[in-house]
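For reference, the structure discussed in these notes is given below.
The chains carry the letters A, B, C and D, assigned in the order they are written, with residues numbered from 1 in each.
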Amino acid sequence: MTFGIETKGVYAIATTPFFEDGSIDFASIDRLTDFYEESGCTGITILGIMGEAPKMEPEESRAIIKRVVSRAKVPIIVGVSAPGFAGMRSLARDAMDMGAAGVMIAPTPALRTDDQIVNYFAGAVEAVGDDVPWVLQDYPLTLTVVMSPGVIARIITNHPSCLMLKHEDWPGLEKVSKLRAMQKAGELRPFSILCGNGGVFLDFEPERGADGAMTGYGFPDMLTELIGLFAAGKREEAHDLFDAHLPLIRYEQQAGIGLAIRKHVLKRRGVITSDAQRKPAQMLSATAKAEVDYLLTRLAKHDRRAAF
Amino acid sequence: MTFGIETKGVYAIATTPFFEDGSIDFASIDRLTDFYEESGCTGITILGIMGEAPKMEPEESRAIIKRVVSRAKVPIIVGVSAPGFAGMRSLARDAMDMGAAGVMIAPTPALRTDDQIVNYFAGAVEAVGDDVPWVLQDYPLTLTVVMSPGVIARIITNHPSCLMLKHEDWPGLEKVSKLRAMQKAGELRPFSILCGNGGVFLDFEPERGADGAMTGYGFPDMLTELIGLFAAGKREEAHDLFDAHLPLIRYEQQAGIGLAIRKHVLKRRGVITSDAQRKPAQMLSATAKAEVDYLLTRLAKHDRRAAF
Amino acid sequence: MTFGIETKGVYAIATTPFFEDGSIDFASIDRLTDFYEESGCTGITILGIMGEAPKMEPEESRAIIKRVVSRAKVPIIVGVSAPGFAGMRSLARDAMDMGAAGVMIAPTPALRTDDQIVNYFAGAVEAVGDDVPWVLQDYPLTLTVVMSPGVIARIITNHPSCLMLKHEDWPGLEKVSKLRAMQKAGELRPFSILCGNGGVFLDFEPERGADGAMTGYGFPDMLTELIGLFAAGKREEAHDLFDAHLPLIRYEQQAGIGLAIRKHVLKRRGVITSDAQRKPAQMLSATAKAEVDYLLTRLAKHDRRAAF
Amino acid sequence: MTFGIETKGVYAIATTPFFEDGSIDFASIDRLTDFYEESGCTGITILGIMGEAPKMEPEESRAIIKRVVSRAKVPIIVGVSAPGFAGMRSLARDAMDMGAAGVMIAPTPALRTDDQIVNYFAGAVEAVGDDVPWVLQDYPLTLTVVMSPGVIARIITNHPSCLMLKHEDWPGLEKVSKLRAMQKAGELRPFSILCGNGGVFLDFEPERGADGAMTGYGFPDMLTELIGLFAAGKREEAHDLFDAHLPLIRYEQQAGIGLAIRKHVLKRRGVITSDAQRKPAQMLSATAKAEVDYLLTRLAKHDRRAAF
């Protein structure tokens, strides 16, 4: 299975389920894979930042890739960001050999100038091989690397193997508009744009030119429905659906505990067995859990998927 | 008029209205002052970060203080953060002489360790004088200074003249809970907590122990109503009101253009004449304005204050 | 007096002398001005970061400019960096009216992408007027803004009124080489480059293409001698002189207390009356002072200017 | 072999030698190990930041540990900093099983408040086991985590297995003095302090209370001699030796290319075969290499070790 410059819809950012002792819960990985597919996701991205990838040993990463790729019927993208290009290449080649559709690469945090960023990705593509389809991850809030539309355009122009932008700047609506305007002006070739940030601006991103979402919000079934409503031109219905979920989407936007909230919701929905994270990790207080549950109760009035 | 450790409700973070040429629009300042009062605000905070204070000349700051203090019937708090303590003292003393209720002090961005932060505020209080009531501003997202509950407790214990915390950490709910727990345990004296961040977590902050909000969201009348609903124990109604506003509150949470959105809404509501900012400033694109207006239209279905 | 794209030599970064109570010591300003001139400085830069400019009130800044300009026989450059362009313009126009040779502008710390930086300076030049000669300050360690050679070239190409680069990147030797290579290749017009960082790489910067130094090291007479030795092709003598001073130059490279060391040396040399800084400030411990004095004693064996 | 709270002298921060193709050069590792011992080093620290540890695969790290531990006659400390505690534990236990003397742990870059830092090390010690002797790495310039003397004291008090501080703050002299003063006042138990930053303040650190150096400067034989001179009370001779090396030590203090300079010197000294680094890496320009070689030539006049 492949993805391409015309990919639309929702790629789920998969969490990595663990048991309480920190070992990998492969049965939950299977359920999670099925759940994303049943939710209508176009694809799944594994081993990203929210997948706790930096806390994984190399052999563990490979075991997870193998498990997900062999089970999934949709394309799998594998996060391969690493401090060294040798490790990035090794993981990328192994992932492709196991049947992944492509890889996702984020800039290393020290980069500042346009040239530094462009050169970094040139080195990364040289390392993994220009035959490996990849997703450019733009996530300044966490990575502190700010890419202007011009820099993204340079990277995409330099590397035909870059098929997609994971757009996760904040604010970022103008960036999507600007990139699409560059394409209309004939300055930039086509590529897919899927948006992150937990979907918190997904009520406007499709109209700006995004092809969908790549995020790990606990209701991927809502995300796919939302993208479908926009595709069908049902703007008001789309906003109604979005607004019903916004209190929870917003609550998830808390750096440090966002993943804990996400795992809590997936556990409540019966998808994963435990909401354990690998240490160091930030956990939810009892009050925070109660607040999430209260938001779920309120959400259930508008969306039965939240009733459980 | 004074504020104190028992202050509750909403302090509006006032924007500073300018004409298109960048000069101060005092007539709009008057209307804005009246508007905040009519909205039920307990007080007004002027010359904060969102008030474009660093772009003001000293005599301009004093003219604004004089104008607002002489017109307002509620306590006025004046932002006096400055690179040097001499300038901070001068502005603070002048503000108090003109009738301000107190001042607000933020940490200088270079501070890192607990001791550095505590010592900075000791120097600031020595500079402005320990007879000046003040608000401690905790705003890590913009200032990069992270204050633990323990540090806040040390500052409040050291300085009886500190009467209030402007809480603007994100995530920050646990910080409010922790500070209130320290008080219950007898480890910390009473003080008021008003929350910022545009109100984006104001559906839970009162239950965590906050006394209200200090923020500049364009519907202060909704903020005061919300705090009132919580005070009356009407949790569901409070959340209903909050959720109706959340799409707009969330849209305002875009660093760099947040102030432009806020001024746009205040102009749309007829409070200020122009949404001009002093340069350098980020402005709204036509698309962004249309998105805000669309959110206002949707909001108007639930809240007639947004119908204009 | 003017400076230009062919300016060479040493511009002293002037400290601002204060009395113990924080008031400005104008008599010391006079002595300092004379001292820089007698040391062979080509010009003087006042009200920079090391001049504690952000701690000055507007009328104080103007008083200092007037005092220095009226006394000096060399060109005076005035730091005018400010959060708002209105204040920047006001100070720049006043400085030029009083007889300054030009102004120095640093980027505001929030800038990240190449375009953001280039646009910021376009706005600044529009504000101060394109008739005002100015120095571009490149100081990433303190300002966190990283300018690539390409960005500097764009700014210099866009603005004929930019005559000089204050180069203060670290590492920065390759940047000087790169800019000069761009000029040789006909891609970039001429401009002066003076180097900062307390002179800590001034044993190689002239050979890389720098025209001299702009820094506040307490021995400006040594800096001018050093630049003269390089100009005369006396490489070994230049390094011998530099190496004798390096222990002290290096000691000064301590963020936070660098200014305290500088003022201590200037006081020891009898130039300024007090080493007081405006608060908040970091002071030297008794041990640190003894270490500086020990380095001065050792230096005096090679350079009699340090014997006092 | 062990290290302890009374350890003095020089621990070399070992680079990791690679061949041009990026594979590990074990023969050079052997020569480097011997070289450090022959230089009089008390111990060797491997797999630190300068050892390019984050670019190594787990099995490579173990192969390097095994090689060095089996050859060395001095204690070996292994850098085990990792994003996840599971990986940190695994590497630490394996290192100890292979005969390492202890491990070195740096804080993860996101930490800000005193409590966050203290809690992080509590988690790390729980993970690796409180029977593993460890070195606390304090390196704010690269890691952005600032530890006050009070925080270091809390960590050392909490964890008897912490035997040493790798002190690499800048400025940092007062921190050493403060920690030693706390010990004299009976507030803090004994521990060893070895200083980093390439030795650039090693002319004063011993008198402040440091027990020696832990750094990778290409002349470890000079470092051990220097510490010996200070131990023998020969202050002037120590400064003479230090000052002769300072131009090169200073030149090495260039973020990004410091490691390239270090490897270049070790290659020139015949210790390692290639100065290759794993990508991404910053390399020396031809001009930079010539500058280093010029500094070596000048150094050779004072120190024959630089004549080759």
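Operating definition for what follows: contacts are C-beta pairs under 8 Å (C-beta built on N, C-alpha and C of every residue); 3 or more make two chains touch, one makes a residue touch a chain.
To keep track of the chains, here are their UniProt names: A, B, C, D = 2-dehydro-3-deoxy-L-arabinonate dehydratase.
Source: prediction; values computed, not measured.
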Q: Enumerate, in label order, the chains that touch chain A and chain D alike.
A: B, C
**Q.** Maximum centroid distance from chain B, chain identifier (CA atoms)
**A.** D
**Q.** Rigid-body rotation angle, chain B and chain A, from Cα fit (steps of 5°)
**A.** 180
Q: Calculate how many whole Å lie between the centre of chain C and the centre of chain D, each centre taken as the average of the chain's C-alpha atoms.
A: 34
Q.
Roughly how far is chain B from chain D, centre to centre by C-alpha average, rounded to an integer in Å?
A. 47
Q. Chain B to chain C: how many Å between their CA centres?
A. 38
Q. Which chain A residues reach two or more other chains?
A. none
Q. Mind pulling up the chain C residues that touch chain D in the complex?
A. 170-171, 173-174, 177, 200, 203-204, 208, 239, 242-243, 246-247, 250, 254-257, 285, 287-288, 291, 298
Q) If you look only at chain B, which of its residues touch chain C in the complex? A) 22, 52, 54-58, 83-87, 90, 108, 120, 123, 127, 278-280
Q. What part of chain B is in contact with chain D in the complex they form?
A. 112-116, 140, 146-148, 150-151
